[in-house]
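Next up, some structures in structure tokens.
You will see two complexes here that share subunit A, one where it goes with subunit B and one where it goes with subunit C.
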Partner chain A sequence: MNFTFIKEALPQVLAAIPVTLEMALVATIIGWIIGILIAVARRNKIPVVSQICAVFVSFIRGVPMVILLYVAYYALPMMIYSATGIDTTSIPAIWYAIVALSLDQAAYSSEVFRAALDSVNRGQLEAAWSVGMTTWQAMRRIVFPQALAVALPNLSGLFVGIIKGTSLAYYVGVYEITATANLLANPGLNFIEAYVITTVIYELISFICNRLFHTAETRLNRFRPKTVA
Partner chain B sequence: MNTFQPIEILRAIPKILQAFPMTMLILLSSLLFSLLIGAAFAMMSLSHKKVLNVISKGYVSFMRGIPTLILIFLIYLGLPQVLKRIGIDMSGVSLTAYIIACLSLSVSANMSEMMRSAYLAVDKGQREAALSVGMSPAVAFFRVILPQAVGIAIPTLGNNIIMLFKETSLAFTIGVLDMMGKARAVSSANYGATKLEIYIAAGLIFWAFCFLMEKGTRLAEKAYTKGRRT
Partner chain C sequence: MMVSLKNIKKSFGSQQVLNGVDLDIDVGEVVVILGPSGSGKTTLLRTINFLDPGDEGSVTVGEHTVNCKKHTRPEVLGLRRRTAMVFQNYNLFANKTILENVMEGLITVKRRPKPVAEEISRKMLTRVGLSERFDYYPSALSGGQQQRAGIARALVLEPDVILFDEPTSALDPELVGEVLQTIKGIAETGITMIVVTHEIAFAKEVASRVIYMQDGVIVEQGPPSEILVHPQDPRTQRFLRRITDPNQDPKHIDMKQDDPQPEQVVEAG
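Take a look at the complex of A and B:
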């Protein structure tokens, strides 16, 4: 182990964490919103939209992340250019990665949300109607909180998955944790040191995320009566 | 700016499919090894020894927290450096072997969790009933518990295989010519002029195979659980 290298490289790799987190967070927020919309569209069987969503979900789930990233990276500039004529060279690569990661999250989370909404008893919605709530009120106050509690464990898995997925953004030139470690390791061939640092960082991020989701899960499940084990 | 030529997608498909045997080789070997490693860790997590439980749990959560790409770099670039210092030369190991090792390790965590939960999902009474009619624990496991656990695990196994199949696309990162590596090679052969079309073609190929696997899983589940569960 080359400890001088670790001492020099560590701050620089740590400095790349915000890039990774930014990608993951933005993609998660966009992805989950689209995911909820897809879930609602497919559950209510809205004609045409529902079928398009089904194909979209199947496609994204069948294509490896790397290919998705490459396609977003090469297709989007072309599409933006031909649609608006804007010069795309000034758009940083991170945005293409975010688009690819968001689509990935949208597809996977839509399945999670669909199952979670299905798990809420229909009687809950009917009961809410019968006390005079509108459908929107009933969804927001009664159905969504219960569905979210069911969805959280799976969403936690998806979030950790996307943190891991951001490491692939290296291949479209985003300087996140992996890319930085690679860049630093190459000149002195300090591979083992660089990747041990990276491994520790990813493990810590995953660990913290799991903790946070676990806390959220306990909080959201407050309403459930405690059963005696 | 290049213009998009859909015809190039069709032209690229047969070229990429030339690498299909390599992808299959990686997929099947990693599947075999990940099932073996997974079984070992599942057994450890189900044993009554605390130490084994902790080791298994630690392994699973480690593998779940590390991106496969980092695992590949760690093993392909890092491991030989460490082993060299203690006098082991790894230069004879083929690239494909590295990829198979990395994917097996990475997926084995999911395989282990799959086996553990399938085993636990089989009703305890089944084992007790088997023992009460005079079967030995081993016979009870192979004749009564395992067949039921396999039926429970099939959908998850299908998902894991699809995930593994998609992960084989990472083989290109160390220069193995799998379908993704081939796509990159084809793309650079014409100086990247049709790179978008080629990656779309690769995506479509992966999608088609995933679709088939999903259908296959459903058929297997139906065939296997027929008449078993009421």
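Take a look at the complex of A and C:
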């Protein structure tokens, strides 16, 4: 183990954490919003839209993340160029990665949201209607908070998954944690050390995220009967 | 006239549930609807606030008339804001405390400032005997307490009419009394009520009018002293005989599987 390498490389790898987090956070926000929309569309069986969503979800879930990244990075600019003539090559690679990660999150989270929305019994929605609330008020104040409480454990898993998924952005040249470590390891062939550093960093980020989600879960589940742990 | 239903028809798929029901209810009436399961009584109640919109006919509450076939969202909202409903399974908002459950409609629908809504809600919960339970979540309460909170949630909106959909059917037998007592207390305040129930004793005591429904139509109606004591229609007679049979679970009377009408009167001439 080359400890001098670790000492020198560590600050530089740590400096790449914001890139990883930025990708993960932006893709999560975009992906989950799309995921909620897909879930609502499919639950309400909106004609055409619902079928398109079903195909989208099944398609994205069947494609390896790396392929999705390649498509976003290499094929998407070409398609945009031939369709509109707009040159997108000046857009940094990180945004193509974010597109791919968002699509991935949208597909997976939509299933999580769908199940969570189903878990809130329809009676409460009817009760909200019966007091004169609009569907939007009922969803926002009654259904979504309860669905979110149900969805959180799975969403937590998705989020930790996407943090690790960002390491694939290395393939399209985004210098996040993994790519930075690799780059630094190359000259002296210090790969073992580099991977130890990345492992520890990913573990720490995952650990912190899990704790945050767990706290949120406890807060959102206040209304549930206390069960013996 | 407080509530007026005209020629309400409703079917689920090929099953005709309501076959043209007409019903006029005056201010302050307590109407109890009886009938075997599948008679359409719950569906009729749910067509009034459009939880199950009728296929044909019209619903009037107060001065507000909505056509079942052709209705807009604001029209339905207007109807729902004049009515309130108490559900068989309480349907309290699980993520809100009892107090918040009652306040919810005041804040979101009636736009009352929070402190005002809270004060009114506390009074209402005290009225239904839940003054010790304001900050409990529904899951921490008994069925009877949940249902009384449900009644408070409906009552607090000062609706023109309260719709009760089998309010005691999901309760343990020992909790039925407290809820019926609460409903009785509300009936005495003169608010218009429509109650779908299997509690004959309650109907006898509280109803100003009893309606017997079967197969999607109103078979017979009148004051409880007539309908419950001297029913004219053989279908009503049969139902009452069965429901007062101590061995019969009133929730599962199926009139269709009945023995071929034994006491059919052969008309002379």
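Convention: the second predicted complex is superposed on the first by the 224 of 229 C-alpha atoms of A that agree within 3 Å, B and C clash if a C-alpha of one lies under 4 Å from a C-alpha of the other, contacts with A are read in each partner's own complex, and residues count from 1 in each chain.
Going forward, a residue touches a chain if its C-beta (ideal position, glycine included) is under 8 Å from a C-beta of that chain, and two chains touch if they have at least 3 such contacts.
All values derive from a computational prediction rather than experimental measurement.
**Q** Of the partners subunit B and subunit C, which touch A:V160 in the superposed model: first, second, both, neither?
**A** First partner only, subunit B.
**Q** Could you look at A:F223 and tell me whether it touches subunit B, subunit C, both or neither (first, second, both, neither)?
**A** Once the two structures are laid over each other on A, A:F223 reaches subunit C alone.
**Q** Applying the touch criterion given at the start, work out whether A:P11 contacts subunit B, subunit C, both or neither, answering first, second, both or neither.
**A** After superposition on chain A, A:P11 lies in contact with neither partner.
**Q** Between subunit B and subunit C, point out the one touching more subunit A residues.
**A** B
**Q** For A:Q146, using the defined touch cut-off, is the partner it touches subunit B, subunit C, both, or neither? Pick first, second, both or neither.
**A** In the superposed model, A:Q146 contacts subunit C only, not subunit B.
**Q** Per the contact definition in the header, classify A:L168: touching subunit B only (first), subunit C only (second), both, or neither.
**A** A:L168 contacts subunit B only, not subunit C.
**Q** Under the stated touch criterion, which partner chain does A:Y74 make contact with: subunit B (first), subunit C (second), both, or neither?
**A** first
**Q** Have a look at where A:Y195 lands relative to subunit B and subunit C in the superposition and call it first, second, both or neither.
**A** first
**Q** Look at A:P187 in the shared chain and tell me whether it touches subunit B only, subunit C only, both, or neither; answer first, second, both or neither.
**A** After superposing on A, A:P187 lies clear of both subunit B and subunit C.
**Q** Can you list the residues on subunit A that touch subunit B in the complex?
**A** 58-59, 61-68, 70-71, 74-75, 77-78, 81-82, 160, 163-165, 167-168, 170-171, 178, 182, 185, 189, 191-192, 195-196, 198-199, 202-203, 205-207
**Q** Contact residues on subunit C for subunit A in the complex?
**A** Touch list, subunit C to subunit A: 49, 51, 77, 80-81, 83-85, 87, 89, 91-97, 104-105, 108-109, 137-140, 150, 153-154, 157, 163.
**Q** In the complex formed with subunit A, which residues of subunit B make contact?
**A** Interface residues on the subunit B side: 1-2, 4, 61-62, 64-70, 73-74, 77-79, 81-82, 162, 166-167, 169-170, 172-173, 180, 183, 195-196, 199-200, 202-203, 206-211.
**Q** Touching residues of subunit A toward subunit C in the complex: what are they?
**A** 120-121, 123-124, 126-134, 137, 141-142, 145-146, 149, 222-225
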